[in-house]
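Going in written order, the chains are labelled A, B, C and D, and every chain counts its residues from 1.
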Amino acid sequence: MADGTTVTVDDLVAWVPRFSEVIGEHADELTQLDSAIGDADHGTNMRRGCRAAVDALAAAEPVDVTGFGRAIAMKVISTVGGASGPLYGSFFLALGTTGGSAPSMDAAEPIAALKAGVEAIRSRGKAEPGDKTMLDALLPAIAAMEGSLEDGGSLADVLQAGTDAAEEGMRATLPMLARKGRASYLGERSIGHQDPGATSSWLLLRSAAETLAP
Amino acid sequence: MKKLINATDDVVVEALEGMERAHTSLKVVYDPKYVVRADAPVAGKVGIVSGGGSGHEPMHGGFVGMGMLDAACPGEVFTSPTPDQMLEATKAVDGGAGVLHIVKNYTGDVLNFEMAAELAAADGIDVEAVVIDDDVAVQDSSFTAGRRGVGATVLAEKICGAAAEAGRDLAAVKELCERVNANGRSMGMALPSCTVPAAGKPTFELGDDEMEIGIGIHGEPGRERRPVASAAEVAKMLVEPILADLPYSEGEKALVFVNSMGGTPLIELYIIYNEVAKILAEHGVEIARNLIGPYIPSLEMQGCSITMLKLDDEMTELWDATVSTPALRWGA
Amino acid sequence: MKKLINATDDVVVEALEGMERAHTSLKVVYDPKYVVRADAPVAGKVGIVSGGGSGHEPMHGGFVGMGMLDAACPGEVFTSPTPDQMLEATKAVDGGAGVLHIVKNYTGDVLNFEMAAELAAADGIDVEAVVIDDDVAVQDSSFTAGRRGVGATVLAEKICGAAAEAGRDLAAVKELCERVNANGRSMGMALPSCTVPAAGKPTFELGDDEMEIGIGIHGEPGRERRPVASAAEVAKMLVEPILADLPYSEGEKALVFVNSMGGTPLIELYIIYNEVAKILAEHGVEIARNLIGPYIPSLEMQGCSITMLKLDDEMTELWDATVSTPALRWGA
Amino acid sequence: MADGTTVTVDDLVAWVPRFSEVIGEHADELTQLDSAIGDADHGTNMRRGCRAAVDALAAAEPVDVTGFGRAIAMKVISTVGGASGPLYGSFFLALGTTGGSAPSMDAAEPIAALKAGVEAIRSRGKAEPGDKTMLDALLPAIAAMEGSLEDGGSLADVLQAGTDAAEEGMRATLPMLARKGRASYLGERSIGHQDPGATSSWLLLRSAAETLAP
C-alpha cells in the first residue's frame, strides 16, 4: 500500500484498471478529437489496449516493477496498434526496466521511472516538444514533477503537480501546428484542435496520481 | 450508421473468416491475425509481408497469393496492425531467403513494423523493410511525418511479388521496391467521407458542394477543401501535382492506376481515366499499362485517387507476370 | 449530388471513351453504342451479346472478351439500350454460327431486344434469346412483369461464353443458358439508395434505421422495408427465400456469388459471405465455387445481393475455363 | 393547315415539337413519378427521344402519313430506350401505316390511325386495361374519341374528348396496383402513385388536340 513515499507493485497494478476506467469514460471524446485531426480511432485503440492490459496484469501477477512494465508493455503493443501502441508500450517497458527488479520504488525512483518511460516515447517516435503529440503533455509533467520533488513535495504533491502540468500541456496543444503523426498531414488545419494522444497522456498521469498516492 | 456487420468489434475477424472460407489458396491465422499463402513458406523464395489498417480491402489480404504477397497483417479498421502479427507472419513465410516488409508511411505502421523487424532479427530472420511514401498531397519535410504510402503500395506488391517469384534475392527485391517507390506518385480526393464502424459517424463532414483534395486512405481530411468540380477539373487537380513532383520526359511510359475510394462506381472511374489519358497525351506521356478499380479504397468513401508509376522495361515485365490472388489475377 | 462526372448527358459516352482507352482488347462503337471484342467476329463461334442500362459496371462492357461476351450494348443509366444498338452489335459479332442474346427480364430490355432480334432475323442472322429471371424477390405470376434478371446474368455470361469459346453450337449454348437461369436464384437488399446522375437525387429515401429488402438493380425499391439488421440476419433474409424457391438436396453444390450494390465495401461482403457459408453448411449445401465483389452493382447504392447457382459438373468446368475480360480474368 | 376536319402531314409535323415542348415542361414531374414506382428516368427518356424526333422530322420532311410515322418511330425507338421507347415507337409506326400514304387524313381516319397506334402499344407490351400503364390513359381516350365522333363532334371536339378521357384515365391509375413494367415489382406499394407513362400519354393527346385541331 501507498504510505506517502513508496510506490509498490500493487500500487502500479492498481493504476492500470483505473487508467482503463477513465479511458473508457473518455473513449468517445478521444475518438472525437482524433476524428478532427486524425482517423477517429484513438479512443477505440486505447480502450481495447487498456482492457487487455488489465486482464494481462491479472494473469501475470507481477512481483517486481520490471515484470509489471513488461507484462503491460507486451499487451499494449500487441493490442493497441496505431502510433500510440508502440509509444505507450515503450513507455511501460522503459518504466519497468528503470524501476528495476524490486517490489517497490522509493523517493525519487518513481519519477525517474516515469521519466524513462517518457524518454522512450521520445526516442521511438522522434517527436520534439511543440510537435503536438503526447509528449507535449508528458514532458512538462516530468519537469513539474522533478521541480516539485526538489521542493520537497510529497509523492501525492509531486504526482498532482505532474497531472496539472500534463493538463496544461494538453490544452497547449490546441493552438499548435502538428508535425508528427497523422495530424501533421493537415498542416495549418491541425491548429485549433486538442491532440488526442496528449489527452490520453493526461489521463495516464491523472490515474497515476489517483492510485499511486491516493 | 448503416453497415452489413454484426458487432463493430467483430468486423475484422469475421471478414477474415469469410476470406478463409472463400479462398482455399489462403490460410488465415487468428492469434495473432494474419493471412498467408496456403503453401507458405516457399523454400528459397524471398517472402513478402505487408499489412496495415483494415477497411482498404482488397488490400492487403486480397493480394496474398502466387506472384504477389506471401502474407498480410490486418489491423483494426484504419489502425495499424501490431508487431506480434508481423513477427508471426514473417516467421511463417521465411523460406530461408529472407523477408521483405512493405510498409506504408503512416507513423503507426512504421513504428509497429519497426518493432516487428527488431523482434524477427532477434529470431535470426533476415528482414528488410521498404517504406512507401508516394502521396504528393503531403509535403515531405522535417515538419511532417512525411508523405503517406498509398496507391504505389499495390504496384510495389505486384512487381516485387513477381520478382520474388522469379527467384531474385532479398537485396534485389528490396532495391526494386525502392525503385517502384521512387517512381510512383499518388494523389487522392473525396466527395463524402466514410464511417469507421466503431466510430459510428463520418470521419469528416463535407458540405453539399464541397470536396476534399489530398486525402489519405484512413478517412482523414486532406490538403484543402474546395467546391465540387467536374471530372475534368478533378483529374487535373490530381494529375498536375503528380507531374509537377515527378516530371515525365516526352515518350516516357507510365502505369496509370485509377482507384476508387470505395463508393465511387466504376462508370465514374472510367470517366476520370478518360480525362487523365487526355491530360497525359497533352504532356506526351504514354500510358503503357493501367489498373482501374477499388484496389485501395477507404471503406465506402466516395472519391478517387490516381497513382502514376514511371515504368522501365523490367517493371513492365514484372507487372505482366503471372499473378494469382483473390483481387489480382492473370496468367493463372 | 456529388459525382465524378462532367455533364450528366455525357456520362455513358465518356465512360465508354475511358474503357476504350484503357482496354486494347476491346473496341467501342459510338453510333449506335456498343462494346465489342477487338477480334470480332470470331469465325465459326457463336456470338454472345448482352446489354442493359448503364450504372452496373463492370456489367456488361467489362465482361466483353475471350471466354465471355462478344459484345455489350449500354443504355443510358438504368435505361435499356435501343434495338439499333443490339442490331449492330449482333451483326458485328456474327461469325456465321449465330448469335445468342442474353437479356435481363426488365420490360424495357425485353422489348428492345425483341425488336432487335426481329430486325437481325430480317437481315438473315440466326438469333436466339434467353431471358434471365432469377430474382426471387419478385413474385412470378401473370400479375407482374415476372422476375427480374439480376446476378445470374453474370454467371450465365461467363458459363455460356466458355461454351461458345469451346465451339458449342447456338442451340447448345442457348440450352445451357436456360439451364443456368433455371438453376440460378438471387435476392438483394439496400441500405441507402443511389442517385441517377440525370435525376440528381436518390431514387428512394430510407430512414436512418431502415433497409429495403428485395431491391432490383435499377435503384428501384423492393419487396419490403424493414429496420436495419445484423449481417447474420440480412444473410438469412436473402438466403432463405432463395432456398425456399429452389431447394438443395444434401450434398448438392452451389456457386455462391455475393455482390456489392456498389457502396458496400469488400470487408462487409466477406462478413456476409461468412454468414451465408454458415447458413448453407447447416443446410448441407456445399459451396463449390464463389464470386465476391461489385460485379453487378447499382451505382453507389449500399447493400448487397446474393446469387446461388446449383452447379453440375459441366457448368463447373465451364466456370473454371479461361476468361480474359477487364472484370473477370483467369487462366489467361 | 387544319380546317376543322382534315389532319395534314404538316399538322402532324407540328404535333411533335409541341409534344416535345410539353414533355420538356413536365420532364421533372415524369421522372419524379417514375422515381416513386420505377427507376427515375421516364422524363429523361421522353425528353431525349422527343428532341431527337423533332430533329429527325425536320430532316426527313415527310410527305405522307406513313413517312411521318416511320421517321418518328425509328428515332423514338433508337433514342428513348427503356420500356416506353419501343411502345411509343410502335405507336407512331402503326399510326403511320394506318394513316396511309396520303398527305392528309379526313373524317374518322385520324382517330382510326390513333387507335391503331394504341393497339400496337397493347400488342407489343401485352398489358391489359387496369394494369397501371400508359394504356389506362390511351384506351379510354380512344373510346371517348370514337364516342364523340359518333355523336358528330368536330375534330376539335373529338380530340378534346380524348384528352379529357386520357387525363381522367391517368388520374385513375393512382389507386391501381401495377401489373406490368417496373412498377409491378412493388406490388401493393405501387398503389397511391400515378403512372408516369399514363401521364406522358395524356400529354401526347393534349398536344395532339392543340396542334391537329387548334
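Here, contacts are C-beta pairs under 8 Å (C-beta built on N, C-alpha and C of every residue); 3 or more make two chains touch, one makes a residue touch a chain.
Note that this is a predicted model, so its numbers are computed, not measured.
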Separation of subunit A from subunit B, taking each centre as the mean of its C-alpha atoms, in whole Å: 32
Rounded Å distance, subunit B centre to subunit D centre (Cα mean): 55
Between subunit C and subunit B, distance of the C-alpha-averaged centres to the nearest whole Å: 29
Subunit A residues counted as touching two or more neighbouring chains: none
For subunit C, residues contacting two or more additional chains: 77
Touch-based graph of the chains, sorted into line, ring, star, complete or other: line
Contact pairs between chains, per stated definition: A-B, B-C, C-D
Contact set on subunit C toward subunit B in their complex: 2-6, 11-12, 14-19, 21-22, 54-55, 57-58, 62, 77, 191-192, 208, 211, 228, 230-232, 234, 262-274, 277, 287, 290, 292, 294, 297, 299-300, 302-304, 324, 326, 329-332
Subunit C - residues contacting subunit D, complex: 32, 53, 75-85, 106-108, 111-112, 114-115, 137-139, 143-145, 148, 196, 198-199, 203-204, 216, 218-223
Contact footprint of subunit C on subunit D as seen in their complex: 31, 35, 38-41, 44-45, 48, 77-87, 89, 124-125, 179-182, 184-187, 189
